[in-house]
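Order of writing sets the labels: A, B, C and D. Residues in every chain begin at 1.
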Amino acid sequence: MTLKISIVVGNPKPKSRTLKVAETLAEKLFGTVARNADVIDLANYRDEILSWPSEKMDALNASVASSDFAIFASPTYKATYTGLLKVFLDRYPANGLAGVTAIPLLTGADQAHAMGPTVSLAPLLAELGAAVPGRGFYFVIGQMDRLDEVVQAAADQYATTLRRMARVAEALPPSGSSRS
Amino acid sequence: MTLKISIVVGNPKPKSRTLKVAETLAEKLFGTVARNADVIDLANYRDEILSWPSEKMDALNASVASSDFAIFASPTYKATYTGLLKVFLDRYPANGLAGVTAIPLLTGADQAHAMGPTVSLAPLLAELGAAVPGRGFYFVIGQMDRLDEVVQAAADQYATTLRRMARVAEALPPSGSSRS
Amino acid sequence: MTLKISIVVGNPKPKSRTLKVAETLAEKLFGTVARNADVIDLANYRDEILSWPSEKMDALNASVASSDFAIFASPTYKATYTGLLKVFLDRYPANGLAGVTAIPLLTGADQAHAMGPTVSLAPLLAELGAAVPGRGFYFVIGQMDRLDEVVQAAADQYATTLRRMARVAEALPPSGSSRS
Amino acid sequence: MTLKISIVVGNPKPKSRTLKVAETLAEKLFGTVARNADVIDLANYRDEILSWPSEKMDALNASVASSDFAIFASPTYKATYTGLLKVFLDRYPANGLAGVTAIPLLTGADQAHAMGPTVSLAPLLAELGAAVPGRGFYFVIGQMDRLDEVVQAAADQYATTLRRMARVAEALPPSGSSRS
């Protein structure tokens, strides 16, 4: 099968370091497969993201929802994800990201907001039906010079966790059999 | 392989309905395999759970940490998990539940605290390194007469999500290969 | 003194019921004084709220920051405040609402998200330096026919709490004296 | 009037640095008045805190509930307050700390959990009916050599906020008058 990967970046400025961190995480996780990731840089949709209806935004939302794996990345604003990212997620109906494996990623100036991805962005993604393989990922932007190393360590941990979860999935009875 | 399943119940009263809901969820998910689940009813350890060191508590902590899958269940006290459950989890070192697939489960009198499992217990389990396949599970205790039906629906959703995550795990490069 | 009161509404649709609930809360708390409240209906600024710089938005932000009391109201989207409200709050610098007494208010379809104002909007306002006199306020929109009654009960509780806090403030030593 | 002040410390070890930080905060806020604070070091009640009923624990709970001002202090365990502190708070009925002005205080090894007091302990206290004058207070334990300075800055901020809230309280109509 071909894995569908999406990266959504909620930085009001385009081509941010946050985007770079997210792309690196996808690459460290999936190698060459990550080259086909759809990258949605929400900074490019500031004129349209608060309009209803919008075919353009609907198409973006649908594309992410049909992904197997997605990274939702944002700089830390007021200790949590940006309003811009939330506006994008608000466009989904209930359970709009059902079944998507997702990693919440926040970048920040220092460690003081390191809990943000786990305590606010992860629950938001779960509310939409996505599933996070462990903690959220927080990246201190001052570590850009060690980007590969820091992201590789996180990727290794996510990969280990996903493989453990796959073992649990294998132990599930065939779909529907438990209902008898 | 044989799946190791643990159920930890943080109700100060033993043999609670919360325990029953958790056992039902394990059964709906894994069928007969769930019969071998280790059930730890923390009410039985109130005399020892606040003592350090404690070989007995250490053994319980270690058993849960070595599980493939665990349910952490608690009645809702003050809109979140009980202190009793937290005291048990506090005994772990950092990352003490690494790689365990876990479902946070809270029971409550009404819908007013339905967000609890997702916004407070799930982040706590993630902090310990566990991974939750989607939302936490909240069960309104007045629905005990529809226990099978309500829990089956939740189990179906967790099973679907776990299978989706297993597909993502399959797309990961062989362990270590991405480092080259 | 004259109390400066602001009401900020994060509903993408103008003149919402959420706005009506917020106005009613201000009125129940402060009586005729609330007639002078500045009401900022963010739906009217969707074209500009994602633009930087913006004199118009800066003026709105400054007006709210200079308030003694403010209500931040939003419908519940994905179990928390809307992205639109967050975009407005993101425009503040750190500590941008320092010293403002604020009430977080969310409206929703049912009780399932009743924790939202207290667990997500209140911490966001605190991060900005505002202070919330107790819990956040959650209003089930189906109760519009009992609006006066439900909001009066909440207002009474906030008033009682504020009076209790004023007693604590009176017991503080004169400003600076504790430094000697 | 005489202000009633309580300090509750949820460290399983008695006479902790967390207790010292909490006492210092009370002293910086209230000066000599803080000498009369009731200090409840929960480490001393580990044998009884999980027993029901308990006259001794009931008396402690009642004493704190009748306070004008209380500090709830805990070391950071698993990114949040200890189970020991939660066990104490679990003993309250709904709204058991109504009207108490409270400061949530967590100590920790580094900045990584600095959000804890604001995102988890503050909402817990609010759920019980207490009111927090702004953010929670997080103290990095490595700063003990600068204790006075760091705590004084926090105390000044709380004092300023409380005085601002008292002005809002003064603008409330006389109790009951808004009902007419």
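Convention: contacts are C-beta pairs under 8 Å (C-beta built on N, C-alpha and C of every residue); 3 or more make two chains touch, one makes a residue touch a chain.
Since we're looking at a predicted model, the values are computed, not measured.
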Same or different contact residues where chain B meets its copy chain A, judged by the half mark: same
Greatest separation from chain A - chain, by CA centre: D
Where chain A and chain C are represented by their mean Cα positions, the distance between them in whole Å: 30
Interchain centroid distance [CA atoms averaged], chain C/chain D, Å: 24
Length of the line joining the C-alpha centres of chain A and chain D, rounded to whole Å: 36
Residues of chain A whose C-beta touches two or more other chains: 79, 118-120, 123, 127
Parts of chain C lying in touch with chain B, wherever the complex brings them together: 79, 110-116, 118-120
Sites on chain A touched by chain C in the complex: 12, 46-47, 49-52, 77-90, 92, 120, 123-124, 127-128
Chain A contact footprint on chain B (complex, rising order): 1, 3, 27-31, 33, 68-69, 98-101, 118-119, 122-123, 126-127, 129-136, 152, 155, 159-173, 175, 177-179
